[in-house]
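For reference, the structure I am asking about is given below.
The letters A, B and C name the chains in turn, as written, and every chain counts its residues from 1.
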Amino acid sequence: MKQLVVRSLAAGLFAAGLLGGTAGAALAAKDSLTLGMVLEPPHLDPTAGAAAAIDEVVYANIFEGLTRIDRRGEVQPALAESWTISGDGLVYTFRLQGGVKYHDGSDFDSADVKFALDRAMAEDSTNAQKGLFAPIASVETPDASTVVITLKQVAGDFLFNLGWGDAVIVAPESAAENKNNPIGTGPFKFDRWVKGDRVEMSRNPDYWGEAAGLAKATIKIIPDPAAATAALLAGDVDAFANFPAPEALGQFENDPRFTVAVGSTEGETILAMNNAGAALKDVRVRRALAHAIDRKAVIDGAMFGYGTPIGSHFAPHHPAYVDLTDRYLHDPEKAKALLAEAGYGDGLSLSLKLPPPSYARRSGEVVAAQLAAVGVKTEIIQVEWAQWLDQVFKGRDYDLTIVSHTEPMDIGIYARDDYYFNYDDAGFKALMAKLGATLDEAARNGLLAEAQEKLAEDSVNVFLFQFAKPGVWNKDLVGLWENSPVQANDLTEVNWKE
Amino acid sequence: MPGDIGPGEALAPAWREYWMRGRSSAGFVIGLAVTALLVAVALVSLVWTPYQVDVMDIPVKLQAPSAAHWLGTDQFGRDVLSRLMAGAVNSIAVSLVAVGIGAGLGVPLGALAAARRGIIEEVVMRFNDFTFAFPALLSAVMITAILGPGAVNSIIAIGIFNIPVFARLTRGASLSLWQRDFVLAARVAGKGRTRITAEHILPNIASLLIVQMTIQFALAILAEAGLSYLGLGTQPPAPSWGKMLNEAQTLMYLAPQLAIFPGLAIMGTVLGLNLLGDGLRDLLDPRLRRLR
Amino acid sequence: MAVFLLQRLAAFIVTLLVASLVVFLVMEVLPGDPAALMLGVSARPDTLAALRSEMGLDLPAAQRYLLWLGGLVSGDLGTSYTYGVPVWELVRERIGLSLPLALIAICLSTLIAIPLGVLAAARHNKPADVGVMGFTQLGVAVPNFWFAILLILVFAVHWQVLPAGGFAGWDAGFWPALKTLLLPAVALALPQAAILARVTRSSVLETLGEDYVRTARAKGLTRRAALWRHALRNALIPVVTIMGLQFSFLLAGTIIIENVFYLPGLGRLIFQAIAQRDLIVVKDLVILLAASVVAVNFIVDLLYAVLDPRLRGGGHAG
């Protein structure tokens, strides 16, 4: 009994000591970060799932690939310290970093690279971006620090693609367990995941490169915008790299404790149209819809002003971008005229299926009201992601939907067979094939401009706005990404100001 | 349960007497007034609202209450008062049909169980037990997950969970009536079970059912609001009180009033209906009055 | 008594079996493919097929039902599709939130309701009674999620003394964790308190009218003494049963309240699992909830049988 009392007393003191300890640490130089995130990852293996939330936790922090994408969207060496490309553009020879260890202490070498790439390409692979590896003919390992990848055809963006989260290098010993216990080579190692609440990681003392500035990073899942606002105000989280409530940004902009940075993303938000639909297969109807939409009102109403209007499926910050926003100006009269010309003068009824995120639901309501003004009646159907994938994406059973296409440089989706837009255009496919075989930067940009023109001309979808990335963080925090060239929260350069 | 009433005078409603009694019950009067007001507002909104319900005016979004917009505007600049008025129609329609389904199927089932006993009764009562094993809200969430969200599907979800309520009540009340002398007399006279149920049983439990319908109506209003709040009920742009609350939650820092008015509407409606139900119970069955 | 027990036990098992079948069938017709959801928009058909077979989705339905049922009986709840961990682990993590939340709520509602109910009964038809009854009318009429929003508005937005949502976790310490559960518990407790106060009041009034209480008063006990010594103890029997029933409703009521406050509890888990088509988690949780409701009903039946001798003679308690 006495022992028990002593022991619980000791435990109490220990707990008190711990509390005092953290308070003391807060006064000293802070070296931990709590980052808020909206969506919880389904698991933590970026090579086995499409969810962006996985990359937002592990990319560049826990896992690394041969190359990595930096904050400007450019390709940098990572596990490959350098590479050479053969004259015909088909053979890539990578020289690997030396002295790299996985978090479980095992060594990294060329065999791991071969394992990881073969695993991603395999028949029974569950990699969500198998297409990235489609050009690969073979992976060879002449020695422990060299990897030779031979391609079937020239792939202009191959190095960029190797920098995706889906192409990170995993070890054969730990690959199967990465979903719940991710073992990578990155500057942070995984500590634990409290499901539904947070993921914790800490600095990897044996990291091969420059050590991380933070000793500890906690990623806290806060799905609710109101709760996110409260958590920032209360100091429960230090930062939201992608803050979910544009309506509350004004408040943070006026608060000296916070930095607000509105960056760009790769997210083209579109009103997608079923180009095979009874009415929508007529380009005049699609153009009428484009004229009916007031992008500014959509951005103001749904995004509280955050977002950049776009006129085609392309990110405005990209060098090849062409501003096509004046192609279909907001003009209800013209929309009505075009509809009448197409034989829908007395009205048209379309379904509008909206996935869960608030940008889609809110934009949908504004779009529905604007379409109603030109005589197009929409039936809004709110769906969960599972249904959206099933009905819209796979079944193509829809007229209109609103979704943000967040993958970088994804204009190529318009050339895919059986893609949910049902836009089947030989001319555009030829354009994309030509792009794939072109390596010269200027020539590529010219082709990309042509592709943007073509999509606008055919009014394949109504292109609404480029998603903004409103970040809110403590003013003493530096190094977070403002823009989002890939979906990631790269914490390697994050630090507290002295 | 109704008192000793003979077959001939089965609940011959002495409405004048009820009215005299009712006027003296404050709860009943308030309940009746609130319910009448709700119905009136809903009817008015069918022909007139201060602003068009769905028309957006984004430049004037999130305004506080003013002379132009008595209850302010929402995130799309729509008039909150107009949307609340139109939301009343939605709430009443969904709840009315849902309770209708519940009573329409539940009462015959309960009456059948009481009239036939045996295996039919056992099946009906097991079904009852079974539905009680699932929390109603959980089941409603699952039903809307299968059928997809929407007003019609939330009616079905709420309706299904009203069936056992009425079945249980009807069976319980009818069982004792079947032992009464006037029913036995009717059976001796050669009347069939269906006819006895229609002529003697149902009229005698009518008051009980009316009271229960009022209570269930109030519960249905709450359930519809809950489903809409979760995004499973009425779909936009149609206005619904629960949905308005859901949207208001993320805007609480900017426009707290948006989170207040729809809730007041729900609470007022439910309060009114409950008071009306209690009042009716007291009127129709004074013996219970002492305990309430 | 034994016959009665066996009867109830058989009904208990049959109800659960039927429930499991219904839940399974419901999950079968639920639109949306969990494998497709995990792989997202650029999945290729062969990838999808690989994942479906990994998840066991390609087996015939009857076989999957039996496998699942067998797992349940042997205590193996299966593996979550989305999280890839045993469902039991998820339940254990979440129940650490939902159970304390329900307990706090039930304590709060009892602490509010019983004194109010007794007060109302003791001051029958006096202003205090009218006031309590008015409160209960309001409490029953307020949608709990709206009450929750109001609490957030006042305590989190306006005064900023309590968090607007989220759960600190018990390892953050007892008080910080409790703080995050306080508003949700109050929001859950209020409607329950209103119902409980009504039951307490009518139950006390009823026992006050019973013969033995009247006899006690005739023997010279004051009304107050009669109330405390005799009426209250007997009046509490129905109150306790109602509380038992409320507990399972509280567990379910957390679905909406956990959504309002974004608490990672069982209710939110079930809601998310439905949206993410994590069918195995939905099936398991629904069965667990149904089992707990049925079990509480069963226990209540037993309690009645013990407390009320009239029921022991093989009477029908359904």
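Just so we're on the same page, a residue touches a chain if its C-beta (ideal position, glycine included) is under 8 Å from a C-beta of that chain, and two chains touch if they have at least 3 such contacts.
Just so we're clear, the structure is a prediction, and the values are computed from it rather than from any experiment.
Trainee: Just knock out chain A conceptually, keep positions unchanged, and give the connected chain sets.
Mentor: Once chain A drops out of the picture, we keep one piece.
Trainee: Would you say A-B or A-C is joined by more C-beta pairs in contact?
Mentor: A-C
Trainee: Using CA atom means as chain centres, which chain is nearest the centre of all the protein shown?
Mentor: C
Trainee: Find the geometric centre of each of chain B and chain C from their Cα atoms only, then give the gap between the two centres in Å, rounded to an integer.
Mentor: Averaging C-alpha atoms per chain gives centres 23 Å apart.
Trainee: Using mean CA coordinates as chain centres, what's the gap between chain A and chain C in Å?
Mentor: 39
Trainee: Between chain A and chain B, what distance separates the C-alpha centroids? Give it in angstrom.
Mentor: Distance between chain centres: 46 Å.
Trainee: Among all residues of chain A, which ones touch two or more of the remaining chains?
Mentor: 224, 226, 229, 356, 384, 387
Trainee: Counting only residues that touch at least 2 other chains, which ones in chain B make the list?
Mentor: Residue numbers touching two or more other chains: 145, 148, 249, 252-253.
Trainee: Touching two or more other chains, which residues of chain C qualify?
Mentor: Answer for chain C, listing residues that touch two or more other chains: 31, 152, 157, 275.
Trainee: Would you mind writing out the residues of chain B in touch with chain A in their complex?
Mentor: Result: residues 54-56, 58, 61, 75-77, 145, 148-150, 231, 235-237, 249-254 of chain B touch chain A.
Trainee: Inside the complex, what are the residues of chain B that reach chain C?
Mentor: 27, 125-126, 129-130, 132-135, 137-138, 141-142, 145-146, 148, 218, 222, 225-226, 229-230, 242, 245, 248-249, 252-253, 256, 259-260, 262-263, 266-268, 270-271, 274-275, 290-292
Trainee: Can you name the residues of chain A that touch chain B in the complex?
Mentor: Per the stated touch rule, the residues are 224-226, 229, 245, 247-248, 251, 297, 300-301, 356, 358, 361-362, 364-366, 368-369, 372, 380-384, 387.
Trainee: Under the definition above, what is the set of chain C residues touching chain B in their complex?
Mentor: Going through chain C, the ones touching chain B are 11, 14-16, 18-19, 22, 26, 29-31, 137-138, 140-143, 145-146, 149-150, 152-153, 157, 202, 205-206, 248-249, 251-253, 255-256, 259-260, 270-271, 274-275, 282, 286, 289-290, 293-294, 297, 318.
Trainee: Hey, which residues of chain A end up touching chain C in the complex?
Mentor: Within the complex, chain A contacts chain C at residues 15, 19, 42-43, 49-51, 123-131, 179-180, 194-197, 220, 222-224, 226-227, 229-231, 233-234, 236, 356, 384-387, 389-391, 393-394, 407.
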